[in-house]
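What follows is a set of notes on a single structure, which appears directly below.
Labels run A, B, C and D following the written order; every chain starts at residue 1.
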Amino acid sequence: MIDVQKRLDSRGIEIQRVGLKDVHFPFQIKMQQGTYQQVQGNVTIAANLPHHFKGTHLSRFMELLMVWSDKPISGREIKKLLAELCTNLEAAEAEMIMRFRYFLPVSAPISHQVGYLDYLSEFHGKFNLTNNSYEYYLGAEIPVASLCPCSKEIATFGAHNQRAIIRAKINCHPGKYLWLEELIGLLRSQGSCPIYPLLKREDEKFVTETAYQNPKFVEDILRDSVLALRSDPRITGFQVEVESFESIHNHSAFAAHQE
Amino acid sequence: MIDVQKRLDSRGIEIQRVGLKDVHFPFQIKMQQGTYQQVQGNVTIAANLPHHFKGTHLSRFMELLMVWSDKPISGREIKKLLAELCTNLEAAEAEMIMRFRYFLPVSAPISHQVGYLDYLSEFHGKFNLTNNSYEYYLGAEIPVASLCPCSKEIATFGAHNQRAIIRAKINCHPGKYLWLEELIGLLRSQGSCPIYPLLKREDEKFVTETAYQNPKFVEDILRDSVLALRSDPRITGFQVEVESFESIHNHSAFAAHQE
Amino acid sequence: MIDVQKRLDSRGIEIQRVGLKDVHFPFQIKMQQGTYQQVQGNVTIAANLPHHFKGTHLSRFMELLMVWSDKPISGREIKKLLAELCTNLEAAEAEMIMRFRYFLPVSAPISHQVGYLDYLSEFHGKFNLTNNSYEYYLGAEIPVASLCPCSKEIATFGAHNQRAIIRAKINCHPGKYLWLEELIGLLRSQGSCPIYPLLKREDEKFVTETAYQNPKFVEDILRDSVLALRSDPRITGFQVEVESFESIHNHSAFAAHQE
Amino acid sequence: MIDVQKRLDSRGIEIQRVGLKDVHFPFQIKMQQGTYQQVQGNVTIAANLPHHFKGTHLSRFMELLMVWSDKPISGREIKKLLAELCTNLEAAEAEMIMRFRYFLPVSAPISHQVGYLDYLSEFHGKFNLTNNSYEYYLGAEIPVASLCPCSKEIATFGAHNQRAIIRAKINCHPGKYLWLEELIGLLRSQGSCPIYPLLKREDEKFVTETAYQNPKFVEDILRDSVLALRSDPRITGFQVEVESFESIHNHSAFAAHQE
C-alpha cells in the first residue's frame, strides 16, 4: 500500500513537533511508598519532522503508548519511550507530556480522619537523540487556603479567605528526580492553611484559626513557595504561579515567577 | 439538486429535537435602563422532526439567526423566531437556548467606585405551533460570598469563607417577564455578602465585616433565595442551586431545589 | 462543641438536595470480563434536608465515600451507600452521580492491533428510604464517525465527515442492569463507522470506505440508536443525543430524544 | 487606614508578575473596515513587584481597566494602559493579555449567503518602563477543514476529513501591526477547505469537492501556514499550531512550529 507520509516534501520546512494531542490513556505510576497508582493520563506526544518527509506515521505513537500501558511510568521510562520513538520515526527530537489527577491520602489535623486529596500533576520529558540529552519537568497543582492580610488588618473582625492553587513545574538534575509526593510536600503548607478532604468540627476549628493566624497575600504564598523550591538542591529551575479565587470578587488574584 | 433531507423515512420515529448546538453568535439585549448591550451568545436551537422526514434543513436555523442578529432579542422575540422556524420547517415544536455573559455596572459599598460584574445568563424559549403555546425561562448565575456559620461559631477568631454561585432559572406568567436586572437584584444579596468588581480598602473592610456578621450555609443561601423567588408574583416556577467553592476543601458544597 | 447544623430552622423549607459536588475520587469498577478497573470519578452526592434542620453534616458524605473507596462499586453498591447515607443523616432521600472515563481495549478492524478507547460514563442512583425505592441510571458517551448523506449525494466525489458523539442515559428494570460494555456495544456501531484508537493503513482504508458506504445524518444515527436501545428488554427508558462536530462549520449539528 | 501592601518585605524576592486573572470585561475593538465591535474579553493583567514591597494594589488594575472600557482598544492602546500601570504601581514592567471571541461576516462560496464566523483571538502586550520597550503579540484561532491525503490515496472512494484549528500568535515590527482580519485572512485558506457558518446545498457541494481535491495532513497545513506567515514582512516572529480533531479517532493529530 502506498506510503503517502514518506513522500518527499519540497517546502523545505522542518517541523519542530508533530504528533498526537488530547489522548486519554491509563497509566501506572509508582508511588513514593512503593505501591502503584492507576492514573488516567491526558497525553501529548510528538517528534520533529525532517524537512524532506511529507508526514509522520501517527499510528506509531499509539503503538508505543500501548507498549507502556502496563508498566509503571515516570521520568526515566519516558526517556526510554522517547528514545524508541526517535529511532522508530527517524526523528532527532521527541517530547511527551502526561497530565493526570493524582490521589494522596491526607489526614485531618486533629481527628486524623483520612480522605483522598487530588492533585493535577504533569510528567514532561524532552529527548534529543543526536546528543542523547534529556530534560525532565515535573508539575503539580496544590490547592491551599489563602487569607488576606489587608482584610484582617483593616476589619474589626473576620478576614476574607478563599481557595487558592499553587501551580509549580520544576526541572531537576539529570537522574535526581523528586517524587510527586516530595514536590507536593514542599508546597502544600505554603498557603495560609493546607486544604483537607475530610474535616470534623475540631478540625474545622483548627483550620479556621490557623488560616486567621497566618494571613498571606498571593505574593506571600508565591515568595514562600520560591524559598521552598530553592531549598531543594535537586531542583535546578522552576516556574510557579499562585492563583487565588477571591471570595469578594468574581476574578482571581495571581502571582507568577520563574528562575 | 436532490433534497436528501426531504426523503421519506420508514423507521417511524419522530425526533423530539433536531438542530444546531454550540453556535457562537452576537446578539443585542435590551437592558432595563433602556439602552442595549451587545452580548456573545452560545446558542442551541432545535425543532422536532416528523417521523416521515429523513432530515432537517439545518441551514435554515442559521438563516433565521442571521435575520435576528441586528435586532434586540429577549423572551418575546424568541417566540416570534421560533414561530417562524416552525412554519419554515413544517415542525410542530421548536426551542431555543441562548447563554451569554451579561455585564452590569456595580458600585462599591463605601467608595462607590464602579466596575463591571459579569453574570452568566440564559434566555430559553419553547414554542408549540399546534396550540400556539409558549414557555419562557430566564436564567442567571450570581456570584456571592458565603461565610460558614459553623466555622464562625466554633473558632475563637475568624471564619472560613469563599466565593459561591447562586444559579437560578425561572419561568414566568406569559408576557409578565422579569428583566435580567430584576432576577439578579432578587438574588445578589442572599449570600453572606454581595461580590464587587472593584473594592478600595474602606470597601474591603465593609465586605469583610458584613460577611462575618452574616454567616450562611449553602442551605441558608438556598432557603433565602427560595423566599426571594417566591416573593415575586410574576414567577410561576423556578429551580435554584447554590454552589460554594469551599476554601478548606478541594470540592464544593451545594444545595438545590425546584418548585 | 456546638452543632450549628442541628439547630432549628424556621423558614419552613425542605431542601430537595444538599451535599457535595465536584468531588474527585478514585473508585474500582467491576468490568464485564470479571476484572476491575480503577477509575477517577467526579462525584455529586446529596440528600434532602428536612425543613426543621438548619444544615447537613457534610463531612459524613466524605466519610461514607471513604468506606467505599476500596470496594468495587456499581448500581447495587450505590443503593447500599445511599441507604446508609439516609439513615446516617435522618434523610428520606439521597442521590449520587459518579462520572468517570472508562477505558476499553478496541481492536482495529483489519490489522487487529489493540488500543484503549475512552468513554465518558456515568452511574446515577436515587434512593428513597421511606418506600425503599431505587432508581438507577447508566450513562455513556460513545464517539463515532458520521458521514453526511446530502454531501455524498450532491458532490461528484468525496463527502464531508467528522467525529460525532452518541450520549445515552438509560434506566433499567430494578436489578436487571446492563454492563457499561453492553450499553457501549449497543451504540458504538450506530454511526457511519466506529472509531478506533489505533489504525494501520489497511484499517484506515477500511474505515474510510465503510463510512463512505454508510452515510448518516445525526437524525439517522439518533433513530438507529433509539431502535438499538428499544431492542434490549432490560431498558425501561432512555434519553439519547447525537452531536456531530461538523467539519464544514464551526458549530455542531445535534438530535435528541427521550422515551 | 493601614496600607499593608506597602509594608517592607525581607525575603528579597522580586516577583515577575502580580495581578488579576480571569477578569471578564467588555471592550470595544476597532475593525479593519472602520466600525467597532463590542467584545467580551477574558483579561490577565499584571506588573512586576519590587522585592521590598509586600504586595501590589490590585484594585488599581481594575480602575485602569474601567478607564479603558469605553474606548476602542488594540496594540497601541494596550501600550498606553501598561505605561500608566507601571507609573501608578511604581513597577518597571507590566503585561496584559485579552482573549475574546471575534465575529466576522463570511459569505458562502456559491450562494453568497452571509453568516457570522467566530474566531478566538488574543491581544498580548508587554511593556518595560525602564527602557520604554514594548512587545506586542496578536493571536487567532482559525477553524478549517482538513482532509487526509493518506486516506484519500488508499481508499477506493471517500476520504476521512474533520474540523481542524490553526492557532497562530505573531509579533510584529513596532507600530506595524496587522489587523485581526489580516491575520485571519492569511490563514483561513490554508486548510483543505475554509469553514463557513451558513451553507446552502450548492455551497455544500463546493466545499465537499474542494476539500477532496485538496487533501492535507496537519503537517501540510502547518507548512503552508508557515509560508503564509513568512510572506508578510511586518511579521517578525510567530508560533503556529494545527490541531485536527480526527474523525476516525478519539484524539487529535497536531503539528507545531515557531520561529
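Heads up, the rule we're going with is that a contact is a pair of C-beta atoms (placed from the backbone, for glycine too) under 8 Å apart; a residue touches a chain by one contact, two chains touch by 3 or more.
This one's a predicted model, so the numbers in the text were calculated from it and none came from an experiment.
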item: Per Cα centroids, the chain farthest from chain D; value: C
item: Numbering shared by both copies at the chain C-chain A contact, with half separating same from different; value: same
item: Length of the line joining the C-alpha centres of chain B and chain C, rounded to whole Å; value: 25
item: Intercentroid distance (Cα basis), chain D paired with chain B, Å; value: 28
item: Rounded Å distance between chain A and chain B, as computed from the means of their C-alpha atoms; value: 35
item: Junction residues of chain C, two or more chains touched; value: 1, 24, 118, 150, 154, 197, 199, 201, 205, 250-251
item: Partner chain C, residues of chain D touching it in the complex; value: 117-118, 143, 145, 147-148, 150-151, 154-163, 193, 195-197, 199, 201, 204-205, 207-209, 211-212, 245-251
item: Interface residues, chain C side, partner chain B - complex; value: 1-2, 4-5, 9, 11, 13, 15-24, 44, 46, 49, 54-56, 58, 149-150, 153-154, 217-220, 222-224, 226-227, 243, 250-258
item: Chain C partner contacts - residues on chain A that touch it in the complex; value: 1, 3, 24-26, 37-40, 59, 62-63, 65-66, 69, 101, 103, 113-116, 118, 197-202, 205
